[in-house]
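Shared chain: chain A. Partners: chain B in the first complex, chain C in the second.
Take a look at the complex of A and B:
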């Protein structure tokens, strides 16, 4: 199973990025392999319009099973994510990646 | 005096946009009162271009002349001949079209109707189709022509509606008309669209630090567009004298100071024009009209 996080860094101790469309990084944790990969999304700052669907497209291609984020995706992004067939959990915007993962495992995050 | 000013303005074939940096400074108050007053003696059309929240019409009770649904064109994906090459998404500056697996997805609210994806599609799989974005209404208020457009709820792009509203006005109203545009606040794309066609800009501000801060942004924007401009201070008497100091340094004329009065706010809240009821307000309105006389002389 692969879990995607919206983050401000690329390891367990990084802070989560509460934003979905304009998140700095997407961190993907492979639960079975216990392995991290990441995508640098910082160039999204150059996009004046449509950051949400653009980042959602990235997730569509990464094909994670779960997305853990902060504020949750907006309307256009949600339309894309529906097609990506993944579970979304929100409310982890103020946590570290590690704390967000623990909160997810313990069932403490809200479904988005 | 009034008559001579109006006679001179009568010769003025001009488009004046009434803009501001900060919202809520009194653009609509200035636009509706100036338009109605000038229309007593000459041809005037007022155009409400603040299509996201138009409100000029609240102060002008006239008879409905025309109502028109407004459309923009958006691409519509036809899958039959599409090779999923992805050209459409790579040429879109607005992320309004996306390839998702075996599908092409269009986000109508993000689309700026630039036609790039449609024109550059190698298999012509993206014909443009009309989508309703808003409504234009046209009124006659005694002698005053009034045109205003309103964006539909959920629509994000004000620019195409502003552009089409201006096209309508240019088509329906000859150059005999003085054209006054009530512009949106701020300095973003809708403001550029509403002012780029104007010959002169009136910037309405309030004499407060916040008003000055946003007015400076508006001044910089209008300078970038190479537009001549003058400032109108509304709610004069509150705040400080910094707006006047700034205008002096920058060489920008202040053409009227509309007073801050509770009674004016009461009239406004009742949807009434101010100048028929408040002589101090009308005196300042005459100054704004007088300024137009100077513009004619300079031309």
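Take a look at the complex of A and C:
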């Protein structure tokens, strides 16, 4: 199973980015392989318009099973993600990646 | 640190006046961000002194390298925005018309067209008369607000609030439901809707609420000028109850609102105004809600 996080850095101790579309990085944790990969999203965050759907497209290609983020994705991004068949958990905007993962495992995050 | 975003959907509801009032009441505990960049006018009430400014770049426009151009005119033929003119004998791009789509660059047979990032205005960090830092921006003529510019203003506000250990970021949100308002809402802890009892007031409230609902951000609502149309006010109250939006307060229509504005003051500076106490109470209530 692969879990995607919206983050401000590239390791466990990084802070989560509460934003979806303009998140700085997307971290993908492969639970079985215990392996981290990341995508630098800052070029999308730098777009004048339409950051949400572009990040959603990126996520669509990464094919994670779960997305953990801060707020729920906004209008256009949500429409794309509906087709991506992934579970969204929100409310992790103030946490570190590690704390967000623990909160998810313990069922403490709200489903988006 | 909590980020509060104040939005209205519709213009003229009193959003900026109330945001500036909250900024006065919050004083040193908050950093203020004016994300209503198209019509940034909170500075008229908060009188900020600029501490720092930098150029802001957003979007692109086509530029034709005259040394490479072979005058084939293909770019002019395909431009849907009539942004390319050759009345002077040279093919030139009008920045006001160019939408930055890049089509001309793709079809140019000699690669003479480059898309260049546009300097659209400035971003400022200032100190207001309420002794709080304020991040705001000024756009050049013809430039428009964008999600990117709003994200920049919010990013600077957040960095400043984190550095100085502030409790709140108070954001004057962008109007409408497009990219800038999506960017205003992104990352917020609480949304305050400011509405008024008119047909367009309730319509635009419902519309922008749909967006906030997708973000799943908790929200509250101030009905300004509530006594002007009691029936529509009741309709709004019902809408709030049906959608679990906290009804923060009703403010009556009062001339002191406009008087303060024309003096370049926030309403809460007028201690004789009958609505000052209500706004002060509303700010106290908001602080309690945010602690939960």
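Operating definition for what follows: the second predicted complex is superposed on the first by the 111 of 112 C-alpha atoms of A that agree within 3 Å, B and C clash if a C-alpha of one lies under 4 Å from a C-alpha of the other, contacts with A are read in each partner's own complex, and residues count from 1 in each chain.
Basically, a residue touches a chain if its C-beta (ideal position, glycine included) is under 8 Å from a C-beta of that chain, and two chains touch if they have at least 3 such contacts.
Since the structure is predicted, the reported quantities are computational estimates derived from the model, not experimental observations.
Residue contacts after overlaying the shared chain place A:20 against chain C, while chain B stays out of touching range.
In the overlay built on the shared chain, the residue A:80 is in contact with chain B alone; chain C does not reach it. Taking chain A as the reference, the larger set of touched residues comes from C, when chain B and chain C are compared. Once chain A of one complex is fitted onto chain A of the other, the partner contacts of A:71 are limited to chain C, with no touch recorded for chain B. Contact with neither chain B nor chain C is seen for A:9 once the two complexes are overlaid on the shared chain. Contacts of A:112 after superposition: chain C is touched, whereas chain B is not reached. Of the two partner chains, both chain B and chain C are touched by A:49. When both complexes are aligned on chain A by C-alpha atoms, chain A residues 47-51 touch chain B in the first and chain C in the second.
Considering their complex, residues 93-96, 98, 100-101, 103, 105, 107, 109-110 of chain B touch chain A. Interface residues of chain A, counted against chain C in their complex, comprise 17-22, 45-52, 70-75, 78, 90, 93, 110, 112.
Interface residues of chain C facing chain A in the complex, by the touch rule stated above, are 58-59, 146-149, 151, 177, 179, 182-183, 185-188, 210-211, 214-217.
Those residues of chain A that touch chain B in the shared complex are 47-51, 53-54, 57, 60, 76, 79-80, 83.
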